[in-house]
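Order as written gives the chain letters A, B and C; numbering starts at 1 within each chain.
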Amino acid sequence: MSSIRFERISRTFRVGGQLVPALADIDLHVDEREFVAIVGPSGCGKTTLLRMAAGLDHPTSGRVLVGGRPVTGPGPDRAVVFQQFALFPWKTIRDNIGFGLKCTGVSRAQREPIVERYLKVMGLDGHGDAYPHQLSGGMQQRVALARSYALEPEVLLMDEPFGALDAQTRIDMQEELIRLSRVHPRTVLFITHSVDEAVYLADRVVAMDRRPGRVREIMDIAQIRRSEKWGELPVEEVMDLESFNHLRTRIWRLLRRGDGEASGHGVVDNPPLRTQPAQKTKLRRAQ
Amino acid sequence: MALATQHPGLRWLPYSLAGAAIFLAVWSLLPQAGIVPSALLPSPMAVGKTFFELTQEPFAGYTIQQHLLSSFIRFASGFGLAAAIGVPLGLLMGWYRWLDRAVAPIFETIRFIAPIAWLPFAVLWFGTGIGGPILIIFSGAFPACLINAYRGARLTQGFLIEAAETLGAKPRHIITEVVMPSALPSIVAGLRIGAGVGWQSLIGAELIVVSSGVGYLMVQGQGNLATEKVMAGMVAIGCVGVLIDVALRAAERHFRRFEQA
Amino acid sequence: MLRQETRVPVWLPGTLSVASCIGLWVVATTFEFVGPARLPGPKDLWESFEQLMDPGYAGGTLPQQVWFSVRLVLAGFAVAIVTGVPLGILMGMSRRAEALINPAFLVIRPIPPLAWIPLAILWFGLGNGAKIFVIWFGAFVPALINTYTGVRSVDPGLIAAARVHGARPWHVLFEVVVPGALPLIFTGLRLALQASWTALVAAELVGAFYGLGRVLMTAARDIYPGMIAAAMICVALLGASMTYLLGLAEAKATPWRNR
């Protein structure tokens, strides 16, 4: 039991004394072991939706159920992969991957083999004792994935996980993810800006509108993927397929049509929550 | 700070050497040429010689090493106390808003009192032995310890805390494994500032009420009009100050090792 | 950023804690859980202030003592600004000057200002000279270091931009470098002001004929807790109000910074 269900969700933010609706009337569900990607313009509330499933945000009305139970807070049953990787800079790669296990009370002796396994699975052999800053962006995101997978969660929530990577690394990681989800199938909610990425990875793609965020259309891709065996082809081959191009053009048309009505506004991309990464400022002190 | 650490580079070394030479020359020549009486400004050599003598023969009751030791013990106790209370309190204030709001008004009020101004009460409450000076050092070192731990905690990146939460971390994990390590560089910087203020406050206290320690040695030197002893005391104080700072700086580097250069 | 507990009004914890501190103080002194020889009660404090106003204590009334101390702080602080800031700018602008001055500075800097007091007394006696010297020294170091750091942190791109627009060195200094360094210069001045008060109190505690430190020391000798507390409150209030005034000056001098 690990489906995600959003029931009549709406969310308003207070920005400078004004109430701004971010999400309105969202009904969506992700079946068990299904991979659902949400695409949409900045400010359509897709990240907020994911944060609700993670328990890091709460709907103004409606409910979020994961595995049939209402979400009350964050927990290790739903792993989150962040765009900024969110690795702990003061922990080695090994300790980063083992962190969740440590918190859930797994003993050191039991942790070790699991950590070693994921180091191997993610192609991080030999980097276990490095600190995150010594690794490239792509490697860092592999660590973040390993950290999430190590908890063996039923649900994976990925918030633009490849958004901070360069184009080539990004493609490599997409393939990696496809490979992983074949070996370890999970329920995945995947947020992205990239239509190509969504079509390539997901069983279903949800296109969203903004101001307020609404579901515009949901497209089923699973069948085409299976019949054309996308999973066994390299990315560039898939992207060359007529079916792929057809799907991606359709989504682009949808998004563009929605965008025309909403452009020209200062859109709240990152609502001022406690999630806003505080800038680390150097303390200026003399003596 | 950059001033002390930055190497001006080999290109500027001649200027640095010239600067040092000029400094020493002016200091030695002023008394030698009779421009300033040597009773008021003993030459660097004289100060060095006196320093050596002070290590051999007791002055003001003890040799200079013993004075330094007794100063340092006071310093270590007061500073240790300030760090032991200030750092955890600062971290907790960074984490719990209500605690921040409860402590801040009192702390901000008391902070305006110069540490040395606590001296009369320190003596009245804890005597002139070790208790009084400890309170003075404490009041000097405490604010920096607290403020920097607080700031460090507040500046912990929100998404790291969230990441920890989604990985199943409980509040105690988040405090010990996320907030504390993230705040550590700031905490150590605070300890360095606090140590500086505490060390100086101790010297102030020793000048006034205590009957051992380097400060006391200097007051006695001043009473005997022995300028070279006063200056030897200053040298000793400066050296210990530098040593404390070097030790804490090494700690700071150690805790920053995971950061990008 | 961190925990947000919104149920409790923002002002409540602070009010409660301050109120309970005052309450505890009043109760402890009124019922003499702590004796009057150790901690003054509200009444003792009030009487001390009255005595300090008229007829005065330790050689002067409150306004006289305050004026005496404030004058010394202002004098020492002013000398520190006039010497520390230009020297900091010079060292920040010229590597040569930095390399030349640094050795002397490195020797002098680790010696805390208060450690200069005995030497200052030997050189200048117990009068104003020694105090101004110690205050100058305490304020000089932070003023110089922060000015230097401020000058060094000015974006070289801005200096280049000024140059390509035809600015003379003089213009670069006063229109780019100094304004760019101003925020840090003010940080230095705030620290310098704090150091000035510390140095003053210490110097007056060691030996003085007038001033708030003298009041403090006399009260300590007389074991007069009410007066000790009164003097401490005066020192804190004066320090706070001067810091406040400096903050106003900073806001006036750097209007482009949004606070």
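As a working rule, a contact is a pair of C-beta atoms (placed from the backbone, for glycine too) under 8 Å apart; a residue touches a chain by one contact, two chains touch by 3 or more.
A quick note: this is a predicted structure, and the numbers were derived from the prediction, not measured.
Chemist: Which chain's mean C-alpha position is the greatest distance from chain C's?
Modeler: Centroid comparison gives A as the farthest chain from chain C.
Chemist: Using mean Cα positions, find the chain sitting nearest the overall protein centre.
Modeler: That would be B.
Chemist: Would you kindly tell me how far, in whole Å, the mean C-alpha position of chain C lies from that of chain B?
Modeler: 17
Chemist: Roughly how far is chain A from chain C, going centre to centre by Cα mean, in whole Å?
Modeler: 52
Chemist: Round to the nearest whole Å and give the separation of the Cα centres of chain A and chain B.
Modeler: Distance between chain centres: 48 Å.
Chemist: Two-or-more-chain contact residues of chain B, please, as numbers and ranges.
Modeler: Chain B, residues with two or more chain partners: 1, 154-156, 158, 196.
Chemist: Could you pull out the residues of chain C that touch at least 2 other chains?
Modeler: Within chain C, the residues that touch at least two other chains are 1-2, 4, 145, 149.
Chemist: Considering chain A alone, which of its residues make contact with at least two other chains?
Modeler: 274, 276, 278, 285-287
Chemist: Which of the residues in chain B end up touching chain A in this complex?
Modeler: 1, 148, 151, 154-160, 162-170, 173, 177-178, 181-182, 184, 186, 189, 193, 196-197, 257-260
Chemist: Once bound in the complex, which stretches of chain C touch chain B?
Modeler: Per the touch definition, chain C meets chain B at residues 1-5, 8, 10-14, 16-18, 21, 37-38, 91, 95-96, 98-107, 109-119, 121-123, 145, 148-149, 152, 194, 197-198, 201-202, 205-206, 216-217, 219-220, 223, 225, 228-229, 231-232, 235-237, 239-240, 243.
Chemist: Which of the residues in chain A come into contact with chain B in the complex?
Modeler: The touching residues are 54-56, 73-76, 78-80, 82, 84, 86, 88-91, 99-100, 102-104, 131-133, 147-148, 151, 157, 273-281, 283, 285-287.
Chemist: Would you pull the chain B residues touching chain C in the complex into a rising list?
Modeler: Spelled out, the residues of chain B in touch with chain C are 1-4, 8, 11-13, 15-16, 18-20, 22-23, 40, 94-99, 101-106, 109, 112-121, 123-125, 153-156, 158, 161, 179, 196, 199-201, 203-204, 207-208, 215, 218-219, 221-222, 225, 227, 230-231, 233-235, 237-239, 241-242, 245.
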